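Listed after this line are the structures, all set down as structure tokens.
Each of the next two complexes has chain A plus one other chain: chain B in the first, chain C in the second.
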Partner chain A sequence: MEAKTWKNPVIAWIDDRLPVFSMMQAELVDYPTPKNLNYWWNFGSLAGIVLVIMIATGIMLAMQYTAHVDYAFESVERIMRDVNYGWLLRYLHTNGGSMFFIVVYIHFFRGMYYGSYRAPRELLWIIGVFILLAMMATSFMGYVLPWGQMSFWGATVITNLFSAIPLVGEAIVTWLWGGFSVDNPTLNRFFALHYLLPFIIFALVFVHLWALHVKKSNNPLGIDVKGPQDTLPFTPYYTIKDTFGLGVFMIVYLAFVFFAPDFFGEPDNYIKANPMQTPPHIVPEWYFLPYYAILRAITFDIWFVSAKLIGVILMFASILILLFLPWLDRSPVRSAKFRPIYKQLFWVFFADCIILGVVGGNAPEGAWVPIGQAATFYYFAHFLIIIPLLGKFEKTRTPPTSISAAVTHGGIGTKVKEAAE
Partner chain B sequence: MANTVSTSPEHSGEGETRRDFLLIATSTVGVIGTALAVWPFIDSMNPAADTLALATTGVDISAIEDGQRITVVWRGKPVFIDHRTAAVIEAAESVPMEDLPDPEPDSARAEKPEWLVVVGVCTHLGCIPLGQKPSDPRGEFGGWFCPCHGSHYDTSGRIRKGPAPANLPVPPYEFVDDSTISIG
Partner chain C sequence: MSTPMNKLLIAVAAVAFLGVAPPAGAAEAPEVPEQDWSFSGMFGTFERGALRRGLQVYREVCASCHSLSLIAFRNLGDVGFSPDEIQAIAEEYEVEDGPDDEGEMFMRPAKASDRFVPPFANEQAARASNNGALPPDLSLMIKARKNGANYLYGLLIGYVEEAPEDVEMMEGMYYNKVFPGHQIAMAPPLFEEAVEYADGTEATLDQEAHDVVTFLAWAAQPELEERKRLGVKVLLFLIVLTAMLYAVKRKIWSDVH
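And then the complex of A and B:
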């Protein structure tokens, strides 16, 4: 790419010394983007925008919030009742958390459907998994801050997961709490970390984008870009497409904020934390329900390993297994479009995640226990059995030779041979 | 030229086009919308309802002796209440306007001449002037003296000498009854 000369002398002066304008021109305007991206490719930029909204609302909320067990709950109520637009900022923040997970989960499923995790984008994918882990830690600690009943007991249950670690478990939990139960030291450190982690996520997002811009976007066909005829400049084509998608997203997001602000919340969290009484039914936020179901699925010891420890290991493994996905999948093509069996099993896997979520939201009794166990088994089977086997035995269809060939010669993959000759 | 951008059919190459209009109109709506969305963030830093609710202070003045000064807190700031003697009132009222950097008659500053109520924050850079305690220096004009940069206020709280640009402000207040005033 040839260096651009800037007409404005101030911009030219700065750009000569720090090529920030050239970089923006190259990465945000000229950036060659596959011309066939569909709307599922909107969710990356949406996630970035939600992150910015979360940081902006979060900073304003932090100016009004008091991280102390005696005042936290009241300070949140003060935000809701007394602070100018405090209700708006808080509902944007709480619903923004749910929106963030919806957007990021769609982003993940899109990557899994179209094979975006495959070489050469493995590291891009791995960074994404780390972003998800950081988001989970951030949202969990943020949920504790209002110091309601669910905050307190959620914090108690989740921190107690670490007590499953042999020998040092109890010591680790005490260290996490800074005491012998979830109390003021815990609340204080959670607030500090809840403020810190979004900036770490921001840095990870930057690295994620950097890696993206090195190997460029995947696309619905899952084939490589062959030349400039396969791409469009990011601006205006994808800036305007992303902006349109943002408009649609904001309608959904703000509909919740203004008309159903507590839709994703738990009524019990409007009761102040009481360390002497556990609510009858503890559920995490909806975005943790599948992992929660996996945690509870194991009800039996295996040899000398306790059910508790296995549940905790499987819960963490359910996310960490994503790190290995690029190497578990050996299929010759990336996109599910050309994988007739994977295309269907992808939706079975999606349904399995939904089932796990439903199981996680119900009390672990009756039929929910075996359903949860079966769904947990299938979850891991998808990664460890189905995907490797499909890579070996699935009869894939032949993708078109290039993105533009698919568009200009009608019928994906049908007239590829002609085009090649 | 498959990789170049084709322009819209109605683009003539000269003058304004429908596309220019759409671009400007959309950008304008976007900018205004963003500006409106920013307002709640800014306004959340303004005083909240509970802060404003504390903005009125009731003071019982029945126990203040003739010539005694007391300090009360209003909106986190000191308010000086001076129960002025007849001689002090006379002195404050007789000052010619041309001697004042910030001309204001005493009658405009005290609802009842025997009660002067002023915000005790120097109009220079916000220090609290001395003069509330009998042992304090009261400056050359018998009112208040700011130790930070040497501003002298008279018995009506008006600036007379020093760097301060204006008189000590009179807060909004009213006499609820003979022995109580409500500030704010």
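And then the complex of A and C:
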């Protein structure tokens, strides 16, 4: 950090004692950013903004919400009907949850396509996986709060997963519930945790950004920054690019909020929770469907291990496996731009995730069972077989020597090959 | 960026293909007639005449079994009912209030601030009067079913007198084309001239179903008109703002490209 002299005496006085202004200057203005980032790099800052929107709307909703099984459903409807702009706050929050996952999933796929998880950014990636896990816990508990049919039955199904753990499973489930079924104690603790976890996510995001600013951004070429000629100061170049991207995002987000606010929701959640009546299809929110498909893919016991336990293990493994991705991938280059086979298989993997999502949304019967099993197998094969083998045998192309060399040869990406030769 | 985009499209197309070819054994989804609703679309509003007629259908037909517990009489003011009209409607109902100074509960005429009075005191009473079935609350019905407005409309006009021959009807059930499983405990609620409309509109089955669905769509989402009005303004603002941001971005980046 370069010492900077501030003209304003108040700012100079503060900065001398606590260098917040120097830090902001260094990390938000001068911060050297690769000059070739494309629009897929917008989704990190977007995710941060969505987190802030979720916390802001969430705090205001919490001021009106009643966490009690007898009143929760009605209190949400009171927010929708009697609280000034309560419908807007709630729709911003519910659709914001879906948008958060869309943005973060794109952020993850971008990292996978351009090899952003590779050394030296392994820890940055791992923190990101923990953020995803915290988001999942948060959104799952948030979905329980309106106390509709899907809230109740979703909570019942997911908490029951822990009963698959041998010996202590049942005890753990009782402990999670605070009773012998999903009931008022469950709702209360979910509300408390749903309020707590976003702040933990916020802290994790801070650490994620800290790690980012140490090793700096990856870029579409996946090559290291060689010097100042490869970078641009974050401000104004990327502040304006991110702000423009934010505008586009807000158009999409608010189009759902105002014109299709229940698009991502389940109609059953507008029916108050009824422990005596199971809905015909219990489905989680759309962003959990791929994991739900993996959970249900295993229909057979293996030796003494029950199908349910294997399903639970695979479901958690499907996310935890991401933690090992930096070491599973041994390719000499990072970016898929120079990996002709990986580039294709990346999209196959993407399609596989979508297929898993479709399977998760359908009842586990008929052809969906083998499709789900095949897609689950492929999901793990991608990480455990394809990526390690590609690292060894794929014939990669040679990336350009520097970002500026690629850029000066007429546009990023298109003429990269020429530049390399 | 064109190659990844193409791949994305292929992936999406593959999924769409899977989506339209449901495997055998998937639950049969009954056909629901698609209707033209005054409240659909970006500029949709609730047709006021249909709302008034729908309220009449609800009060004269549905309300004998179905509650509307989330709607207060005062809410009718949002869709053009005058305070006098609301008072007149409310006063036709009796609600329990109290305790008074002697500690007794007492009955009084409803006020604008009261909610629609449910037809039964509790779930058991409702079941006892309905052959064991529980008539659901209608406040959120349109949002609580997939494609709610069309579904409910289809259900209301979907009764068939004679069940198909291969269907074994259970005691006290009615055959309905749209209801999941086709056997519904609710007797056909609407028919020609089930109500005599105050505004002189001819009370066909189709008209009644259309009106009561419009009324219930309002009951489920009373914020709809305000939401869409605000949404148009917000989106117009954002589109202009984003276009200007794009121009600024181009200007700032012009010395790099």
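Just so it is clear, the second predicted complex is superposed on the first by the 407 of 421 C-alpha atoms of A that agree within 3 Å, B and C clash if a C-alpha of one lies under 4 Å from a C-alpha of the other, contacts with A are read in each partner's own complex, and residues count from 1 in each chain.
Please note the rule applied: contacts are C-beta pairs under 8 Å (C-beta built on N, C-alpha and C of every residue); 3 or more make two chains touch, one makes a residue touch a chain.
No experiment lies behind these values; they were computed from the predicted model shown.
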item	value
Touching partner for A:R81 - first (chain B), second (chain C), both, neither	both
Partner chain in contact with A:V248 - chain B first, chain C second, else both or neither	second
Chain B versus chain C as contact partner of A:P120, first or second or both or neither	neither
Between chain B and chain C, more extensive residue contact with chain A	C
First (chain B), second (chain C), both or neither touched by A:S404	first
First (chain B), second (chain C), both or neither touched by A:W347	second
First, second, both or neither for A:I271, with chain B first and chain C second	second
Common ground on chain A, meaning residues reached by chain C in one complex and by chain B in the other	81, 88
For the chain A and chain C complex, residues of the former touching the latter	35, 38, 74, 77, 80-81, 87-88, 91, 113, 232, 236-237, 240-241, 243-244, 247-248, 250-251, 254-255, 257-259, 261-262, 267-268, 270-271, 280, 343-344, 347, 350-351, 354-355, 358, 362-363, 365-368, 371, 413
Chain B residues touching chain A - in the complex, by the definition given at the top	2-3, 5, 40-41, 43-46, 48-51
Contact set on chain C toward chain A in their complex	1, 3-4, 7-8, 10-12, 14-15, 18-19, 22-27, 42, 70, 75, 136, 139-140, 143-146, 148, 180, 220, 222-223, 227-228, 230-232, 234-235, 238-239, 241-242, 245-246, 248-249, 252-253, 256
Partner chain B, residues of chain A touching it in the complex	56-57, 60, 63-64, 78, 81-86, 88-89, 228-229, 231, 233, 404
